[in-house]
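Multiple structures are listed underneath, in structure tokens.
Two complexes follow with chain A in common, the first pairing it with chain B and the second with chain C.
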Partner chain A sequence: MSFWRGNKLAAFSPSADENAKRLTEMLGDADDVKQRKFSFGKTAGIALYLVTLVDSLRVEEHILRPLAENKSKNPEDALTAIERDDAADYEAAMNALLIGKTLVFFEGRTACLICGTERTALRTITEPLNEKIVRGAHDGFVENLNTNLFLLRKRVQSKELVIEFAEKGERAKKQIAIVYEKEIANPELVKEIKRRVDSINAEMIYSAGHIEQMIEDSTLSPFPQFLSTERPDRVAANIMEGRIAILNDGTPTCIIAPVNFITFYQSPDDYTSRPLSGSFYRLLRLFAFFIAVLLPAFYIAVTSFHLEVVPGDLIVQMKGSVADIPYPTIVEALFMEMTIELIREAGIRLPSPIGQTIGIVGGLVIGDAVVSAGLVSNFTLIVVALTAIASYVVPSTEMNMTIRLLRFPFMVSASLFGFYGLIFIMMVIVIHLCKLESLKTPYFAPFAPLRWKDLKDTFIRRAIWKQKTRPTDSMPLDETKEEGSREWMKE
Partner chain B sequence: MKKWWIMFPICILLSGCWDERPLRTMKLIFGAGMDMQEDDRYSLTIEMPIEGAGGGSSGQGGQGGGQGGQAQTSQVMSEDGITVRDSAYKLDRKVGGVLDVSKLRVLVIGEDGAEKGLYSFLDALYRNASSPLNAKIAIVEGKAGTLFQSEISGEQLHSEYLYKLIMSAEKESMAPVTNLQFICISLLDNGSDPVLPFMKYNEKNKAVEISGGALFNGTKMTGTITPDEMSAFLLLADQMGKELSFTIPADEGRKLTILIEKSKRKMKVDTTNKDHVTADISLDLSVRVLEYPPDHLDDEKKLNELNKLVSDELEKIFTQTMDKMKMADSDTLGFGRQIMAKDPKKFEKMNWKKSYRSADVKIRVKTKIISGGVIL
Partner chain C sequence: MDEGVKTKKTISAQQLFFLILQTQIGVGVLSLPYSVHTESGKDGWISILIAGLFVQIGIGVIWLLSSRFPDKTLYEFAPLLLGRLLGTIVNALYIVFFFIVAAQMLIVFLYLTSNWAFPHTPHIVFAVIVVGITVYLIQENIRIIARFHVLMSFLFIIVLILFVFIIKHLNVYYLLPIGSEGAPAILSGTKQALFSFAGFEFLLWLYPVTKASSKAKWKAAAGASAIAAVFYTLLSAFVYMFFSLKKLNHVPEPVLYMVKAVELKMIERIDLLFLSIWAIFAITSFMSYMYLAASGVAKLAKAKHHRKAVYVLAVLILPITFYTANPEQSVNIYEKISTLSTIFLFAVPAFLLAVAIIRNKREEST
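Then we have the complex of A and B:
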């Protein structure tokens, strides 16, 4: 590689000046490379750092000042920087420099001392805006990997929690952490996920979604095969089910595999609330899935093919509503769906005060005007609005997108073939779901293959003490989750 | 040209629209009346609701209906033809939109037509896949066509009104629970005959009343029964609705109204006799007294007397009903089916329709008054 001037694996020169010069050259004589000369008794030296990446106070306090005060025998002992390491070669020194460490060269020594002086610009730990819950923990991941791992370790204080790092990115390196519970997670799956992560050969890792696309089983499937979340409690719970979490530096999102379809419908709220209410809201969410995917298609099929399924009392109103609309129901429905998607997209991009205005203008003004202008019928408006609300119930952004996309093929096919078309697309989707795998485990797991025992946490959530075993779709080493809580009942 | 693959989406995307039946282009028939004219032509009268005004909630802009109050809510049209379908097509020519029968709620057939044979009216409906099999069917005194033309006070949609009328009659055991699908079986069955609700227009109240039932022999209407007899028939046939009441003339001109709470029917058809068939029907009724001014229902002796009285009076009504059904050659209770099941050879040999009149039907009633209401 001609980019590097000279051999990057060469040994350090005894001259501190030359070392510093070479490294500066390697960085293309960047202006933010700073050299600070110092002398420690007789030995002179150079501290080299990137002024944009280091915490200058720490360089001053822990490296330059102790050296200047000259209190110990040895220059190494004088340094008070906590994190210290020796660089093996220029490349190692270079990488250290690029993550904000300070290199210290002493005149006459062919070594390079790395001192940890990184500046960390931390966002405070707040609840993720897109995954709010009512009861339970309100912390969320931030952009810093170490903080995120701290949150996880703090939550799962177990000697079996394993964190493995990998550095990926050919040009710009980023740290990726693989986290799992050693005694629960299946080693085969851990091996598989490491193999996939190892094979990432991108220039740079931009986000968790980036990693997901590199390692997921099927990229073209509409269904997400990794659970993305910004909630430490959700990650911790999944790790305790034998799943593997992947975090990366720079995004607050953690991706989890293997997952199944129902994982996307499990919210931490289900577990913190009581079993009855947890089950009710789980059922409600699953019901919302069917509404969001099928309701517009069902409505289209009914109004254009199967009017006999509408009860006699309702059909007069329904016919009155669609009678004056100048085009088929599918056009109406697509028009309204597009409007809602536009409102949503515009609402996200705009700053929040304007976003609300857009919501009101879009929702109320357009909704009302469109009906009174005779462009869209009342019934279509109700159906589309219900669908939009139902699609936002799912506690996962990815699944939400999936649902919103899925209903379009349903609608088109229902407009062409009525209920036949609806069933046809449904069969295609179900077949796809049954065939889909997440990290080589069945995606539609407790249903296909049917595992009776695992159904306890799907449609309903049974009481925690009734869930004595872990779900088997992640093939955990240890299936027992708990034994004999509530023994006191027997006494 | 490598564009041949475009054929696939064209085939798939364009073929679907062929079968489309868009709701907005449909003209829904809610009620239909059929009559047979003197010249054996079928006349068909249909009622279609006018949307927006009848629906109640018409927020539809540009329509403006609903506010006016006097807006027309239904459209009645009539036409005659060689067959029912023929007249339907003639109607379709006059209607803006495609006529659709799948939401039909009530089918009314004129008395004259029913006497000439009911099945010929219904055949067209049975051959259509999207027919409303749950539509109610009734026979009307006079012409069915005029029923839809006549004014009914307080009601805007004739079909809606008739539907509710029949539904409530079914609940109160004044009409058998039946619809287009159920009667098809008994119409085509040799061993039993259908009974349909019979209605007539009441000029004084500007309303339609259920005036009993129409009896059939095969597919031809052969007689009528009164509302009381209809209730008796429903008990005999074990088809009691939710409620069933009788008013019985008691001692010294004082009357008694009772409500049948529970009814247990046992029917035995004896085919061993060579020349005639005997049938035993025993009814075990639990009765609640709804109205009895003389009171003293707490008296055991009085109660026994009343029990006896009610049993006797009911037995009278039952026998009277049975005689009427025999006179009409209408085997509504399905004795024929019983004989068919027990002795098929005998059924083949005998002319059941002829020997039905001479069948010996014994009816035994046992009543028990179980309650006299909240005042004992």
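Then we have the complex of A and C:
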């Protein structure tokens, strides 16, 4: 609390000049602090604002002009700014000033009036680039918190939707909003998340990722314990399952807890499409998970230890292809994996036309040349390429990173111990998943602990009307999701 | 969230079922048909079935005993029944027994592993890895262990699917005439098979932490053992239908040879896949026994958490496995532990039940 040292600043002075001067001093006489003097009948006063943050038109229209026109008896009534508040002390006044409000001081009064005059520079609401879907809503969060909350409120028009604000950041304040459905979300969890958010004591909150690291259960785990999303429909659906969303001003990303492993594999597309196709793509994604994590390791184990598991017809080609390569398979595979990671990273950083070029040069040229040069075998190339494709199937960026990381221990272990290496790492990861908790709820539910009833929205997605209850992992107060939607069938 | 911890009832009846099943099905899978066959020939599957029935009696005894002390494990109620000194001795003996069983499992695991897949890798490497993974799991509470065991149980589905592919290779006539080996041979095979069912005594420790009615706990434990019995019986019947008696004498791990016969278009040498699944079953059993031993040591040392005991036991078990690395020794150990196990699995619980009835000791659930 370095701003408020010394108690002489506790109360406002009756002199408007004095108040304005003090606040200006506190801001280090910054050049964008503007004082506008006005007089309303006999009372003089000062409007104080940061010219870089306010919408000048609003200051003019709603504060200065009405005061100059002098139509009503007392100055408060004259102001036409809709959002108005009284500041209790300098701290409150300063905070208001810093988010773009205008302070109005009247001579002879020890009070400070706050008027809402913020300027908002809005990016248009577009579909998030990293979470595209085919059917369903195409709106996405933006950097402005109020807009995001508007999108949520608009989507969940329920009197039970609770939005709670917290201001965090010791030096530079940022608003954080905690959103949940109070009749569904477990109050214990809400309390817990508030406790954790309260304890954040950072200088400044830069992004949702910062909050996540401050409040997640286990930071060193490779698995994300918060679902990050920029899609309002996804947030709304999760809130309706009793989960709690945290948004912050400045990032379009919303983080959601408690979540479990399977949440990262649920895409809004699954629910908008038909149950059969929804289930098919869910299964495909989970299958892709296994390919992305296990395929290169399995390939390495087979070529370096258990070549005899390959069926007879294939073994000749495979053996021939691998035998010509001077390096062990693990080196080949790691080399190709690193190449793909390089292409990916370079592709993100570069402007998009060049990014595509990199993709072509990297993918086609290197891929082709590396085989004809005899550095990498054809089979390795197929395996690595398939793995790369499979790892991008998961509809969540964090889980995608996790998958790409997880494959490396598997590959190393498989090159050392073959199939045993695979099962060793698999056991470690499953144990880790069994231990892991997201906001004190088991992360690997409904698989561990096994809850048969909740499996209806995991490997497959049952028809919406068959999902009569919410998943229990978020410990919802009310488990019923719907009943009797298909009553018409009986008539 | 925390209510489970407060009341100590942390696992469900379903988890109890899988914990016991996973503990029972372990290293024995590969060689049980062979070791029973040495006693009772082609009627070995009957021996195993009978062993399964005996185990049901054992479970009944344990259940009766545990339901008298619904909030206490054996480590806690043994001193109440036998007096402080005697109870502590019984506890210590159980700890040693569990530790030996765990060590034996590890030895068999290492032996078979190097025999079948990794002849050049030193034993100590796999020992360290397996013990490391075990420590990683069992330093946690029973709830986490239960979650893991439940998940791993789903590998059974793969095993059962493999069984379907074996059926066409089977010859039922090898089993006929049923029972021709005679009752004494069959019973001596039963004695040989009993040890494979070790794991049901876990109920003595799981009973107080399971949140279910007393009857549900019995159903879970008896059900798990019944499934294990059916599985083992089926497995050995398959083996006896697959190999003729003459051939069987030469294959100490007949199950792997049998699985090897399976031919799928996609993948060959299914035995390697089966060996990996078996490794998981073996390690889960090993984990259970290490957990039992560690929690006993922690109780003896009056420690709040069993974590430190786990570390101590993990360090202790490594040199043992390193020392006894040749197959003859491991077979010897197996014979001895097999006899020991009948005492610890059946005799001691029965004796404690008798004491409890005579001294009329009984506690109500809190």
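The rule is simple: the second predicted complex is superposed on the first by the 482 of 491 C-alpha atoms of A that agree within 3 Å, B and C clash if a C-alpha of one lies under 4 Å from a C-alpha of the other, contacts with A are read in each partner's own complex, and residues count from 1 in each chain.
Operating definition for what follows: a residue touches a chain if its C-beta (ideal position, glycine included) is under 8 Å from a C-beta of that chain, and two chains touch if they have at least 3 such contacts.
Note that the structure is predicted; figures quoted are calculated from it, not measured.
Participant: In the superposition on chain A, see if there is space for chain B and chain C together, and answer fit or clash.
Facilitator: The answer is fit.
Participant: Taking the superposition on A as described, I'd like to know which of chain B and chain C A:417 touches: first, second, both or neither.
Facilitator: Touch status of A:417: both partners.
Participant: Pick one for A:450: touches chain B only (first), chain C only (second), both, or neither.
Facilitator: second
Participant: First (chain B), second (chain C), both or neither: which does A:319 touch?
Facilitator: In the superposition, A:319 touches chain B alone.
Participant: So in the superposed three-chain picture, is A:188 touching just chain B, just chain C, both, or none of them (first/second/both/neither)?
Facilitator: Touch partner of A:188: chain C, not chain B.
Participant: Taking CA centres, what is the chain B/chain A/chain C angle in steps of 10 degrees?
Facilitator: 40
Participant: May I ask you to decide whether A:329 touches chain B, chain C, both, or neither, giving the answer as first, second, both or neither?
Facilitator: In the superposed model, A:329 contacts chain B only, not chain C.
Participant: Which partner does A:434 contact after superposing on A: first (chain B), second (chain C), both, neither?
Facilitator: Once the two structures are laid over each other on A, A:434 reaches chain C alone.
Participant: Let me test your reading of the model: by the given contact rule, A:304 touches which partner, first (chain B), second (chain C), both or neither?
Facilitator: Once the two structures are laid over each other on A, A:304 reaches chain B alone.
Participant: So, A:372: does it touch chain B (first), chain C (second), both, or neither?
Facilitator: first
Participant: Would you give the minimum C-alpha distance from chain B to chain C, in Å, for the three-chain superposition?
Facilitator: Least C-alpha distance: 5 Å.
Participant: Using the superposition on chain A as set up above, list the residues of chain A that contact both chain B and chain C.
Facilitator: Shared contact residues on chain A (touching chain B in one complex, chain C in the other): 305, 308, 310, 312, 417-418.
Participant: Which of the residues in chain A come into contact with chain B in the complex?
Facilitator: Residues in contact with chain B: 302-305, 307-308, 310, 312, 315-325, 328-329, 371-374, 378, 415-418, 421.
Participant: So in the complex, the part of chain A that touches chain C is made up of which residues?
Facilitator: 188, 305-306, 308-312, 417-420, 422-424, 427-428, 430-431, 434-435, 440-442, 444, 447-450, 475
Participant: Please output the residues of chain C touching chain A within their complex, sorted ascending.
Facilitator: 1, 12, 14-15, 113, 117-118, 121, 126, 129, 133, 136-137, 140, 143-144, 146-148, 150-152, 265-269, 272-273, 275-276, 279-280, 283
Participant: Spell out the part of chain B that touches chain A in their complex, as residue ranges.
Facilitator: 12-13, 15-17, 19-24, 26, 28, 30, 49, 51-52, 54-63, 100, 102-103, 105, 130, 132, 163
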